[in-house]
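Input: structures, listed below.
Shared between the two complexes below is subunit A, which has subunit B as its partner in the first and subunit C in the second.
Here is the complex of A and B:
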């Protein structure tokens, strides 16, 4: 199987803090891969290193066969590697529609009117508020907007950092259905989650990160079968 | 217009750029010097404009970008502010070394262009300046609202990290703000020269303090507020000269600013959060 995204032995350091240690991870075309772990395990740092907003010191990041280690974050976005940051990070000084236009920023001189209309068909709530400040949206709507915004960049891999954070159980369910849906449209997904239960239900494969190290990886069934892991990370529920 | 330049860097980059008055002064002095040397005043003004924009880009390289590269986020530190203050003083003294400290008179091409309404004399250049300022701010707000570049600028103003995730190359957009700053300052300096027919290396200081007061009164980061604040300052100055004489002029201006800060910390037209204002 050829890998779409291949991360080999990367390190992330913030001064003396060694946040990501020698991590290798890969995603095949069309896969949903999840990275699990407790707070401070280095999950977000790993995503940021892949996106290029923090520097990885060692190793290599191969995307579509190219070593993108030295690429800037905007260049990585342009090539199809797009992240939805933790906390959604909607631009509240802009309207809903302007937020979507920002998503398409990396595609120069492309008319995205039709694509925006398609998104509005999918999320009528966003359509109703298209010319309102994005600050009026609820948490769930903001997450939909954040994901739609990322989709407008036409990604091949979309990375989601704790998308279910702060959402009600019903919305979490809807969110994961949406993730499944965009996955079935051909996108590969790298999902960082604290909601291990849901993440393993939807993912094809998972990695467990502990203090910057990958301590386990495999299919959801493998991970759930490991008693020690199940106890430590995957909860009793 | 200087207030608009201030408010632009504050609103966009969260950076009180003290080189703004220096750019203003340099453009004014160059306009004067070139004209005095026998060039057409428009040629002089163009040179002044050019130098100011280039200088602003150099300043970006050595204040904002340097600090950002070194410490991650320039806006969290007072360093760019202090280094821009350094630039202000250096510029002032370079100009003093070249042309001395004496005020120079400028033969305005529009010296006698004025008219009277009800006993008040209006200079044509003054009206043109006002009209031009309003036009510029109108254009600027349209640019920020409607264009791709404008959205990129606003995204950087609000969440620079997220802007990067959208593919905005912050390192390439920030110089645009500095170029606009240079342009606005130079235009203001040139208009000042034409209006007051008098330049000196110290004009920047006076204008800067008024512009900062105007910006605060109008609301930080709000470009329309900056224009309104500038006009209010101008009016307060004229009225206080009329009623109390010229010596006291700073007192009502800064008194008004302090009052507004007490009662409306966000300014008259402002927004409470810097950089998240309406454009």
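Here is the complex of A and C:
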């Protein structure tokens, strides 16, 4: 299996705080990979290091066969590595359509009208509110806007940081169905989640992060079979 | 048109230009309390270049653009230290900048120091009006461009803008510089309307007023500075007229107190300013369906 994204032994430090320790992780083309772990395990730091908004000190990040360690965050976005940040972080004083345009910002001089129309076909709610300020959207609609905005950057890997945060159970279900749908269209997915049950239900493989270290990895079945792990992280008994 | 009406329109035009000079950086998230500083630079540069007696006597079609460009250059250079600050600290930094400019010009004998400087070339509304219209069109145009979009995205979230490929530093410097340019333009035009300039015209109160035009008008859309400048120009005059007509002292002599009450009321009732996106939708578009929660 060829690896699309290969992270080898990276570290992230904030001063004395060692948030990510010697973490290796990979994603094959077309996979959904999830990173699980408690609060403060280093999940978001890991994503930020891959995106390039936080510097990793050791190791290497290989994307499509190239070492992207020294690349800036915008350059990584242009090459197809796109993150949907935690808490959505849409541009609230801009309209729905302008938010989508911002997603395509790094693809200079490209007419994205058709792509935006495709997004609107998928999400009629967004279409109805295309000229309204994004602030009026509900939490679920904001999440689909954030994902759509990321899709307009033409990613090959989309990284989702706690997308289910603050959504009602029915919306969480719909969200994961959407992630599956995007994945079946050819995108690889790196999913950081606290909702371990849902994440393992949809992922091809998973990693468990504890205090910056990877303590387990494998298929959802493997992870769920590990009793100690199931007890500590997966809510089993 | 009566001389009174002409006078009001002149003030309105100048207020609109200076409002856009503060609005454009504000649209990119910059709170600028330095309007007075840019206006002083523009006014004095233009006055020195154009005045026949004590200056160089150049034609105003040359001196007004030069003064605006020069102010833009000063703004560009000042943007590097000033843009290191944010929010309240940026207000203080821009205020300090304006005070420094005032202090320097007050001590420059070549432009008359504290006694001010005469401007010998008078220009009527036929100069001021087209420039004002041009500035409004420019403000609307700039906001609609890719550059304008990136300004507004920085206003909302600088980090996410960077993530999607916006050169945030360049856009911030650009917005600040354009603001300085328009401030200089307003200053240069001021001199040709009132034939005399002095630093004391542009104190901290002036900068506060201009920032209020923008905040009360609203920073979300380019309608904001236009409506804000009109609001601040007309309301005191309307109160004066009402005071004269009704004989109510509060509206006449105390109209600035009444005006203050209106401003405080506005801040309480409409903290996003008069012209918000939602308000514009109400004015120009059909009502939208109510939001329901579904991922589609």
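Definition applied: the second predicted complex is superposed on the first by the 236 of 237 C-alpha atoms of A that agree within 3 Å, B and C clash if a C-alpha of one lies under 4 Å from a C-alpha of the other, contacts with A are read in each partner's own complex, and residues count from 1 in each chain.
Operating definition for what follows: a residue touches a chain if its C-beta (ideal position, glycine included) is under 8 Å from a C-beta of that chain, and two chains touch if they have at least 3 such contacts.
The structure presented is a predicted model; accordingly, all values stated were derived computationally and were not measured.
On the superposed subunit A, the positions of subunit B and subunit C overlap enough to count as a clash. Once the two complexes are laid over each other on the shared chain, residue contacts for A:194 go to neither subunit B nor subunit C. Between subunit B and subunit C, C touches the greater number of residues of subunit A. When the shared chain is aligned, subunit C comes close enough to touch A:138, but subunit B does not. Shared-chain residue A:105: touches subunit B and subunit C both.
In the superposed model, A:93 makes contact with both subunit B and subunit C.
Applying the stated contact rule after C-alpha superposition, one finds that A:217 touches neither subunit B nor subunit C.
By the touch criterion defined above, A:126 lies against subunit C but remains apart from subunit B after alignment on the C-alpha atoms of chain A. Legend: residue contacts after superposition of the two complexes on their common chain; A:60 is shown touching neither subunit B nor subunit C. The interface of subunit A with subunit B overlaps its interface with subunit C at residues 51, 53, 73-74, 77-78, 83, 85, 89, 91-94, 98, 101-103, 105-106, 149, 153. Those residues of subunit A whose C-beta lies close enough to touch subunit B in the complex are 51, 53, 72-74, 77-78, 82-83, 85, 89, 91-94, 98, 101-103, 105-106, 149, 153. Residue ranges of subunit A in contact with subunit C, taken from their complex: 51, 53, 73-74, 77-78, 83, 85, 89, 91-95, 98, 101-103, 105-106, 122-126, 128-129, 131-133, 136-141, 143-144, 149, 153, 168, 171, 174-175, 178. Every residue of subunit B that touches subunit A in the complex is listed here, in rising order: 148, 151-152, 154-155, 157-159, 161-169, 276-278. Those residues of subunit C that touch subunit A in the shared complex are 146, 149-150, 152-153, 155-157, 159-166, 220, 277-278, 281, 285, 288-289, 291-296.
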